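For reference, chains read A, B, C and D in written order, and residue numbers begin at 1 within each chain.
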Amino acid sequence: MSIVLGPNQYGKAEVRLVRVDRDTARHRITDLSITSQLRGDFRATHESGDNTGVVATDTQKNTVYAFARDGVGSPETFLLRLARHFLQEPQISGGRWLAEQYGWERIAADPQPGPGVGHDHAFVRGGAERRTALVHADSAGPTVLAGLRDVTVLKSTGSEFAGFPRDRYTTLPETEDRILATDVSGWWRYEQSFVDTAGPEEYDERFAAVRSILLATFAELHSLALQQTVYAMGRAVLEAYPDIAEIRLSCPNNHHFLVDLDPFGLDNPGEVFFAADRPYGLIEAAVQRSAADDTSAGSGAPAGSGAPAAEHPVWSTIGGFV
Amino acid sequence: MSIVLGPNQYGKAEVRLVRVDRDTARHRITDLSITSQLRGDFRATHESGDNTGVVATDTQKNTVYAFARDGVGSPETFLLRLARHFLQEPQISGGRWLAEQYGWERIAADPQPGPGVGHDHAFVRGGAERRTALVHADSAGPTVLAGLRDVTVLKSTGSEFAGFPRDRYTTLPETEDRILATDVSGWWRYEQSFVDTAGPEEYDERFAAVRSILLATFAELHSLALQQTVYAMGRAVLEAYPDIAEIRLSCPNNHHFLVDLDPFGLDNPGEVFFAADRPYGLIEAAVQRSAADDTSAGSGAPAGSGAPAAEHPVWSTIGGFV
Amino acid sequence: MSIVLGPNQYGKAEVRLVRVDRDTARHRITDLSITSQLRGDFRATHESGDNTGVVATDTQKNTVYAFARDGVGSPETFLLRLARHFLQEPQISGGRWLAEQYGWERIAADPQPGPGVGHDHAFVRGGAERRTALVHADSAGPTVLAGLRDVTVLKSTGSEFAGFPRDRYTTLPETEDRILATDVSGWWRYEQSFVDTAGPEEYDERFAAVRSILLATFAELHSLALQQTVYAMGRAVLEAYPDIAEIRLSCPNNHHFLVDLDPFGLDNPGEVFFAADRPYGLIEAAVQRSAADDTSAGSGAPAGSGAPAAEHPVWSTIGGFV
Amino acid sequence: MSIVLGPNQYGKAEVRLVRVDRDTARHRITDLSITSQLRGDFRATHESGDNTGVVATDTQKNTVYAFARDGVGSPETFLLRLARHFLQEPQISGGRWLAEQYGWERIAADPQPGPGVGHDHAFVRGGAERRTALVHADSAGPTVLAGLRDVTVLKSTGSEFAGFPRDRYTTLPETEDRILATDVSGWWRYEQSFVDTAGPEEYDERFAAVRSILLATFAELHSLALQQTVYAMGRAVLEAYPDIAEIRLSCPNNHHFLVDLDPFGLDNPGEVFFAADRPYGLIEAAVQRSAADDTSAGSGAPAGSGAPAAEHPVWSTIGGFV
C-alpha cells in the first residue's frame, strides 16, 4: 500500500498587529489580524520530523512585526510584501496570506485638538464588520483577493418572496412584504492588470467603493428573492470595475418572523418581528465574466462560449464561498 | 435541619424584538434583546411543582411582543410598562427587566428616496456596542438604570503608567507613552425625579449625551492610570447631570504590547504593537454623590457625612459592576 | 456638589495557567483561568493618577505564576494563598479571586505506558463545563465559594409543565411530557468550619460529590417545573453536607419544541424536536439554611425565626445568581 | 461586457434537530445541526427573481424534520436520504449536506432505573467536540465525508521542536521538551465501496474507530514537529482502513509558553505554563493514497505514477482543510 502526503500548508494564524503612524500629531492606526501559511516541499518534517526547511511559525510572526516597522500601507500590499519575502526560500513554492482589518473612527472632540474632524489620537471601534484581503501564490504567481465580512444590513420593506414551488413539505406562505436582513461576506478577485499597478491608496479607495456599491444595491433593489439581491450586488461591482475579474458573496438570510398577535386581539401590519438565530437561509453565488472576457485562468472554457471560465485555483483555498 | 428557599427569580431571557415604525415611508427600526424576570412568592412551584401562581415564561415573552404593538419608545419606558403590567399580579412583588439595544444607521443612498440623510428603509448595523437599560422593582418601587456595553476605544498616545510599587514579583517597566485601550461598559442610575418626568425622548437624548461625555473624557484626559480615566469619565457624567445619582464603570485594559524589534536590528518608537487577548487588566469603579446629596437610599449614611450612601439594592442584581 | 469614589476594584483577569505535575512519569495537569481583583484605599490613583499604592495588575499576574511553582493544589486553596499574600499590603483591605478550571481526561492507550487507566502524559479535554472557585475577602476575613458552570443536561421524559395561570397573553399549551434541558451553573458557600480545616483533597472530593448530587437529582426527580428541579438540586446538596451554608443555582430552560409534523401527514409522539437558541427560560434560586442554623452572617435575622439569614456580602460580588 | 452567474448554492443552515428514540424505556438521543444546500439551474431567481424552481429553504428545513420521523440512523445515512430526495427535482443537479453531531452521555444513577450503565433518559453533554458528516452530490453521484471538529488534546511531554532554519527574523529557541496541544479537526473520504454497503452501524463504528486511532497516535508518537504528528495520525487511519481514500487534518498549535520565573528567583523545570490564545500555529495536511491505488477521481494522474491523484471535487466545497 502506498500512502503519501497530499496538499499541505502551515503557518501562524491571527497575528494581531496594531500599527500607529505617528509622524504627525494626527495619528493613524491600522488594526489587523494576519495569517501566514506556507506551501512547498515539506515532506521531511511530515515523514520524519526533519525540520531543516521549516521556517518556524514563530519566525513568520516575527516577520510580520518586523515588516510593519516600515509601515503597513493597505492590507493587500502588506501581504504581497510578505509573500515576496517568503517565496525567496527555495523550499517554499507558494502560500496564502490573509488579513482581517478592524475599523476605527476618530472620537468626536470639541474643540478639536488638530485640523480635521475628530480627535488626533483617540478612536472608537466602528463595528463588527471587517475588511479582508488575501494573497495566494503558486507557480503562476500571486493572486489578490479583497473582501469584507459580516456587514450586517436590513431592509424593513421592499422585499418579497413568492412563486416558489409547493410540495408535501412546503408550509411557508408567500409574502409580498418582509424584512430582508443579511450579513454580507464576500471576496472579489483583482485582474493582474490592477495588481501590477495598484498601490495602497488604490486598494483602499477600491475597497471603499465596492463596499458602497454593495450597500447601495442592497438598499435600492426591490428584492423578489435574496438570490436576486446577491446577484445584483455582485453584478453592480463587476459593471463598475472592469479590473475586478469576479466576485463571490455569501449571505445568510437572517430571518425576521412577523409575530402572530392575533391570539392577543391585535393585528400586526408589518411592525413587530421576532429575530431568529438558527436556522437561517444561506445564499451563495459567484458573479463572473464570461470566458471571452477573462483570460486569467489558463485552462478555461473556449473563448466566446459565453460560459464562465474554469475555476481560478485561488478559490480552492477559500472553500465554498467564504 | 431547616432548609428554605432563598432569593429567587425566573423569566424569559433574550427575547429578540425588532419593531418597525412605518407610519411614514421613512421607517425607523428598534432592535432589542429583552429579558424579563419576576420575583415574588413562588415557594409552591419550588417545593412541590404547584404552578398556580407561575406566570409562564412563554407568557412573559408574548407580553413583550404584544406590548410592542403600541410602539417601543425608549428601552427604559418600555421596560417600565412591562414592570407595571406584571406587578399587577398579587403574587409578584418585584422583578428585573433588562434590555440591550443594537444600533442601526441608514445606508447612504444617492439620490435619497426621501427627505433626510440616508435611505428610507435600508439600514446597516452600527457596531458591536449596545445600549442597555434595566428596571428593577421591589416594594420600594421601580429603579431605572441606563448603560452601555463594549464601547471599544483606544488612545495611541496620552497615556502613562508609572510610580507603582515594585516588589519581588514586579517586572513591568514604567512607561510614559503607551496605547490605552478598553471596552467601556457601565450603568448609571437615574434619580427618581428624572424617572417621574422623562419620556422616551428624554431617555434617548440623555443616553446619547452620556455616551458623548464618556468618550470625550476618555479622549481628552492625559491618563496616568486607567483608574484615573475611569473615575474622570464617571465624574464628568455626574457633574453634567444632577439627576444621575451614580454611575458604575467596568473597563478592561486591552493590552497593546510594544513589540521588541531589537533582535531584527530595528527600533520601535511606539509604532508596532501586539494586541493581546488574555489576560487583561480589569478596572471597575463606582462614582457616587456623597450621602448629603443623595436621599434616594433609605438606609444610607448620616446626612452630611461626606461618605457614600449605602449601596442601592439595585446593584445586588447586577453583581460586581456589570 | 460633592462627588466621591464609591466601591472599586482592579486586577488582572483570565490569567491562563497550566501546571504540570511531573514528579513521576504519570503527569497530572491543572488548567486554570484566574482573575485577581484587589480592593482598598485607591483614591489617589482614581483622583490624581498617583499610583504609589497600586500593585500593578502585571504584578498580580506574575504572582499567580510564581505561586504555581509550588503547586496549585485545589483552586480554592490556591486562591486562598493569593488572598493571604495580597492582604499583607496595608493599602489592600480586601479582594476577590476567581478561578475557572477546565477538565482533562487521560487518552486511552493500549498498552498503557504506566500503571492506571489511560496514558501517562496525553490528555483530551473533557467538555465545555468548568469547575469554579471564588475567594472573597474583606475585614471579616475570607469566604470561599465553589461552583460549576455550564454543565449541560437533558431529560428526554419525566418532565411536565401544567397548572400555570392563563391570561390574555398566554398561549402555551400544558404538557405532561416534554424534554427538559438546561446548563447548570451555580455557587455554594462553605461554612467557616470547612474552610478552617479543608485541604486540596477535601475541596476536590467535595466538588465531585456536589456535582454528582446535582446530576443525580436532575435525573431522578420527576419534574413538574424547572423551579422544582432547581430547588430539589440545591436542597439535596444542603441535606448531604451540613458544612455547606447555602447554594445558588442559575438554570436556563433550553427549550426543545416538539415539531408539528401534521402538515406532512405525520404524527410526532415525542420524538422530533427543534432545539431553540433564544429566547430561553431562566430559573434562578438560592437554597439556604434558616437563620437559626446559620451563624455566619453577622447581621442576620433573629435566631429561630425560620427566615433566611441576611444576605452574605459575598453575593454582592456575584450579581444576581452567577 | 458579458457578466454571468457562476457557481452558486443555497439552502438552510444549522437546522437544530434533536431526535429521541423511545421505543423502549431506555431512550437514545441524537442531537444534530444540519445544513442543506442545493445546486442546479437557478439562473432565473438570480437574474429576475423568478422563484419557479426554488425549493424554499423553509421547505428544506421541514424536510429535515419530516424525515427524522422515521429515525436518523447515522448522520451520514440521514444526509444521503436527504440528498436522494432533493435530487429528484429536475432543476437540482447537486448539493451539499452537512451535519454536526453533539455527544451526550448517560448520567450515572444509583440504583440504575434500567439495564445497562447510566440513567435511562437523563443525559449530560460530553464536550465541545463534534462529529461531522458531509454528503456532496454532483453529476458523478454522492461522495461521503466523515469527520470531527475541535477534539482538544494535549501532551505534557514527548514533544520537541528543533533543527529549523534560523534567519534574521528567527528568535525561537530550540526545545527538546514542550507541551504539544491542539484541537484536532479533520475530514476523511470513504471509498465508494464503503458507501455502497455501509449502514448506520458501520458509519458509527467507523467514526469511533478513526477517532480512537487519531487520539492514540497523538498520544504515542514522540513528536519532533506538529507536522509529523498530523501526518502520522492521518497515515495511521489510512493504514487501518483501506476503504478510506484520504484524510485531511487541520490542527492549530495551541501554544503553551514556559513562564520565565527567573526574575522571582525560581526555576521552572517544565511545570508552569502560560496558555496563549492568539496567534497560534496552524498545521494542515492531506494524507492520500498514491494514484495507483485510487481510481475514484476520474481525471487523476497516470496510474502507477506514485503521485497523489487529482484533487477530488468534494474538497472545493470545504475550502482549505476544514
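Heads up, the rule we're going with is that a residue touches a chain if its C-beta (ideal position, glycine included) is under 8 Å from a C-beta of that chain, and two chains touch if they have at least 3 such contacts.
Owing to the predicted nature of the structure, the values given are computational and were not obtained by experimental measurement.
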More contacts between chains, A-B or A-C: A-B
Identity of the chain that, by mean CA position, is farthest from chain B: D
Inter-chain centre distance, chain A versus chain D - centres from mean C-alpha coordinates, in Å: 24
Euclidean distance of C-alpha centroids - chain A vs chain B, Å: 32
Inter-chain centre distance, chain A versus chain C - centres from mean C-alpha coordinates, in Å: 40
Residues within chain B bordering two or more other chains: 16, 62, 66, 168-169, 171, 263-264, 277-278
Arrangement of touching chains [line / ring / star / complete / other]: complete
Chain C-touching residues of chain A, taken from the complex the two chains share: 168-169, 171, 263-265, 277-278
Residue ranges of chain D in contact with chain C within the complex: 16-22, 27, 29, 31, 62, 65-66, 68-69, 104, 107-110, 119, 121-129, 151-158, 179, 212, 215-216, 218-220, 256, 259, 261, 263-264, 266-277
In the complex, chain D residues that touch chain A: 1-16, 33, 35, 37, 42, 45-59, 61-63, 66, 96, 160-165, 167-172, 223-225, 227-228, 230-231, 235, 238-239, 242, 246, 248, 252-253, 278-290, 292-293, 306-308, 311, 315-321
